[in-house]
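Just below sit the structures, each encoded as structure tokens.
One chain, subunit A, links the two complexes that follow: it is found with subunit B in the first and with subunit C in the second.
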Partner chain A sequence: MKTFMKILVAGLLLVSSTSLFASKNRITMSGSTTVLPVAQKCAEAFMDINPKINISVRGGGSGVGIASLIAKSVDIGLSSRAIKDKELATAKQKGVNAVDNIIALDGLAVVVHPQNPMTEITIKTIKDIYTGKITNWKALGGPDREIVAISRDVASGTFEVFKEKVLGGDKTKEDALMLASNKAVATTVQETPGGIGYIGLGYLSEGVKALKVEGVVPSNKTVQDGTYKLARPLYMLTNGTPKGLVKEYIDFVLSASGQKLVSETGYVPLQ
Partner chain B sequence: MLANRTGENMNINPYFHYQPEDSQQDKDTQVNLNSTLSVFVGNKLWLEKHIVKNIYKKGARMLKKTILKIALTFLTWAVALQAGETKVAGEIWNRYVANRKGGKTTSSQFSFDRGYFTLEPKLSDKIKGRFTLDFFSSDKYNDGAGIKVKYGFLDFAELLPIKESNFQVGLIKNYFGIVYDWEYPVIEKSLEDKEKVVASVDFGAALSGYLPKGFGEYALGIYNGEGYTKTQSKVNKNFASVFNLRLTPVAGITIGGSVLMDKPGFTGLIRQTTSSTRAESTFKKVFDTRTAYAGITKLAFGPVEIWGEYLFNQYDSTTQVKITHSDPTLEDTIRDNVYTYKSSGYSVTPIISLKSLTGFDGDLVLRYDYWDPNTAVKNYANATVVAGLNYHILRSSSASPVLTLQLNWQRKSYVKEEATIADKSPEDQLGLQLKWKFSSTILK
Partner chain C sequence: MKFKDGLFKYIALFCALCSVIFLFGIILSIFKEGYPIFRIFGVVKFLFTRGWYPTHEEASFGILALITGSFVVTVGSLIVAIPLGVGSAIFLSEIAGFKTREILKPFVELLAGIPSVIYGLFGMAFLAPFIMRLFNLPTGLNAFTTSIILGIMVVPIISSISEDAISSIPKELREASYALGANKWETIYKVVLPAAKSGIFASISLGFGRAIGETMLVLMVAGGAAVIPKSIFSPVRPMTSAIAAEMGEAVVGSEHYYALFGIAIVLFVITFFSNLITESVKRKVMRAQNL
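Then we have the complex of A and B:
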């Protein structure tokens, strides 16, 4: 035990001495591909104002962002879903106090090919399409064309939100296309006349047509006032209350300038 | 019928005694010896027949094993291919170990210590399976390597209406102490695994989950109790039960504990010895009872993480000995023998992450174990000190290490519990391990 104590003390001395040399002028973040465009745009603007600061932003998905925060390999974990109890427990056991800072809102727009005559849809119908109960647009008053269900992959936060708000406990039908990004979903719907997909509001373009959901148009206003049902907050998770450079960056994202960038990226500012 | 050293005939109840894993090999050796002896009796035809029969037996056994392995693999693939999503993963440990005792090197060798191959088919959003084969170096087998099933279970998420709960059934983790989430910061196993207090994996069913807001985790399960290497005739009819609870009131401080209750062994005749004057029979009328406790603490602040565990294991055994005499003037005797074995110990593992401090992606690891295998006997306890350095050469996108080099030095010392006991030389071990993993998700 004495030998062990000697080694332990030596190790702690080594650590405390090396920590004196540690300095940081860098912020690292990774995670949700939905939050990624906001994080990137804000990072560029923030670095323009603070040229000595270097910000690194990577994607990977919400799960990757949270896992990286728990592993202490990033300062900020980007997530488009709330942290789970399991992740929270793992984080706390590792000494990480995961704090979810809401930086923007997003609506999941349900999109179809521009030539599709449909204009609105219910959550139940979306579920029936994605679980395979409805397979042809004819059943919904549309053309006699097979429905191609396009989804995000199961590792994405966007899918988690879709699962929670639309699918409930049910499984996506086996022939649904599971794609790796919002952009891929938008592009595929644009190129598939029978396609239906769901994407963040930020990815809406003239190439796809957004449907009203339960009679409500997906827009900033309907997401902010809570009338649009397929909406969610976007998070920047930090270890504890943000401090130092990380606080400066998140404060910038929450500022009027940052929220303007949120809006420019196609997401919904908090106010 | 075997004969012991005193010449007494001894009947051994095969149902009670565990058959050692290599007993089949012993049988082979015995049969081969018989074959050799027959050379001297000159019965060539018999010898040839016997050798052919042995080869056929061995071949048939190997064929059976091979067919079983192939069938299992194909079955798993078949299930996997039906699944919407399947994770394929592997973990390999390549190791060099040198042992020294009393100033002499007793071994120095490279080995393939572990090769896990895992398939995790996701059958639905709430049901997934896990099947893991464990390949390892072993001199128990002719080809120097062995294979066993490490995990094979189905996981049902939220089968009960409890948020973020999982029900697992099959060959599952043993949710006791720290064995189920031991991340091998050093090459050595966790204390309960190393001292064989519990097996890391066992056949059974368990409900596990997390408390709201990351306040902790829980698990309760029933298991065979004998561990994953024991099946069929080596498993008794009693289940072991395990309860586990961990609380993390604030980030960085975790406390918890586990209880395991089991009735191991078998009842019936254990041993019978007879001589010309007397017969002695030893019975087990009631099952042995075993209770194990673990208290755990995990502290994590900044770059420092400390795992602590206290273990206590009690084993109560009762046997009845009946002695009958051929001399009618002597009275038969019956007596109960009651034994209680208690073992206890603790383990402390501080881990210092060097990345945030120096930029070097590695950990400095220390560990101290103390274990007294029988607290009632003044003999030797053992104390093990480990010092190690981990270098995480590659990490996955979620920052999990996928290629790690581990350098460990450890010294196991024997602590005399009484001054009159003779000194015992410490044992040193130098270990170098390259641990690598891969995983990929196949979407249908």
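Then we have the complex of A and C:
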């Protein structure tokens, strides 16, 4: 999937570079790899409707996205965190009025094997499991079975939310499994009786059991109303309120069809 | 006509030189991108400490666990592949009749043609859950499962090259052995195998290079925990899977990015030496055969 995306991005770059002369019909964006799939999917759909417009989407991370926006090298900075005060100040200095447009929400579900008797968990317990303080389900009132902590790769956007909302400043234990995709985490939890993992809300399936976190069921609704704690907004930052083509694109992302792509990508739509 | 001949010569020369250019280009670029991590983090600390936390606030880039992971699954896979590969080579070249051989050989060769991602899928979906239940383990994604599948993948390499080596042993040697009263097994064990040992060794070292460089399969099956394994049933994170899983999302020019290229350098050096050994053994075999 990742390579496929890279090919797509590379293809897009190629297409967009051939039409350098038509730069008025061009939108550029870069930033968070978490937001990238949404931006990419929406860009494809948007270009299908408006064939004359070229959109180039690049990754690099939230920091890069915001920095590029401030440097005016992109029209949209993709970010999975709010802009920091320091960045806002730099932007002001350079005459950039960074406006954060929330385009989607990202929620993490904590999942276990369907036969696991647990139904809810606290954020502190999740942290204790992933840092290695709790290693057996017995300690949590379950059967005498070793806990297999399953995590996403440390460079992924999913891990980033987990780090921010659960781990705080602590490190995961060394023997936590590190898997390359949400799908792989879901499959592994499904097949591992002692497994616990976390995945984007969009990847929830019948095969795994999502736990209530701090008493709240993970769902689009609880993420939208802010009661579910393992969630965060995703941003498209623009210089000033969006206008022209950029406005058209962001309006598309916020439209019903754009938000449908948001949920297809595994994130939570705004409404 | 003469001009065409000359032109063709230069085109062919250019093609041959391309490999050299590519090789040096690759070496140059991975060393250029990987070198900074040795300066920032220190060579010794990079190679010989544990703790692979590349995105943590106090990041640490010790790849000892990754190197260990790579070697554990590679050695494990060779333990599986050497007996199977050499055994099937002996059967195909010494024991099997013409017909059996013609039927069996394509199957071994087909095994070599299966893309590694399919081995990975098989391991993830079938073998890992099976191993987990069989040994009552917390997880089936571990060094043991990886070694088995990786071993199966390496079998055809060891088998086909060993078979070439065994087949190229002159018939006279075998006849001399039989004339001295040795039976078939004694002939294979005491005459043919020792005579073919360089070729067999070359096949093993080629298999080693293939196993240590394999990426997709280990990414899917090894579990990915950057830990020095306490047992063969512990999950591991081989070097290749760390690069593959993290490069896509590492920020260009960050310490993490340099560290991944640093791993690439280590991997390159290891495979370079294993290839060097293979080549020198192969030369030796070829020279011996010409004599």
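By definition in this document, the second predicted complex is superposed on the first by the 148 of 271 C-alpha atoms of A that agree within 3 Å, B and C clash if a C-alpha of one lies under 4 Å from a C-alpha of the other, contacts with A are read in each partner's own complex, and residues count from 1 in each chain.
One rule holds for everything that comes next: a contact is a pair of C-beta atoms (placed from the backbone, for glycine too) under 8 Å apart; a residue touches a chain by one contact, two chains touch by 3 or more.
What you see is a predicted model, and the numbers here were worked out from it, not measured in a lab.
By the touch criterion defined above, A:K84 lies against subunit B but remains apart from subunit C after alignment on the C-alpha atoms of chain A. Legend: residue contacts after superposition of the two complexes on their common chain; A:T192 is shown touching subunit C, with no touch to subunit B.
Touch criterion met: A:V96 reaches subunit B, while subunit C stays clear of it. In the superposition on chain A, contact is made by A:A71 with subunit B only, not with subunit C. Of the two partner chains placed by superposition, A:I49 touches none, neither subunit B nor subunit C. By the touch criterion stated above, A:G169 is placed in contact with subunit B and with subunit C alike. After overlaying the two complexes on the shared chain, residue contacts for A:M178 are found with subunit B and with subunit C alike.
Of the two partners subunit B and subunit C, more residues of subunit A are touched by B.
By the touch criterion defined above, A:E146 lies against subunit C but remains apart from subunit B after alignment on the C-alpha atoms of chain A. Across the two superposed structures, the residue set of subunit A contacted by subunit B and also by subunit C is 60, 63-64, 153-155, 163, 169, 171, 174, 178. Those residues of subunit B that touch subunit A in the complex are listed here as 84-85, 122, 124-126, 158, 163-164, 210-217, 246, 248, 250-252, 254, 298-305, 350, 352-358, 364, 366, 368, 370, 383, 385, 387, 395, 397-400, 411, 441, 443-444.
The touching residues of subunit C, when paired with subunit A in their complex, are 50-51, 53-57, 65, 124-125, 128-129, 132, 138-141, 219-220, 223-227, 234-235, 237, 241, 244-246, 248-252, 256. Only residues 2, 6, 33, 59-61, 63-64, 145-148, 153-157, 159-160, 163, 169, 171, 174-180, 184, 187-188, 191-192, 194-195 of subunit A touch subunit C when the two sit together in their complex. Of all residues in subunit A, only 1, 3-4, 7-8, 11-12, 14-15, 18-19, 21-22, 30, 58, 60, 63-64, 67-68, 71-74, 84-98, 153-155, 163, 167, 169-172, 174, 178, 240 touch subunit B in the complex they form.
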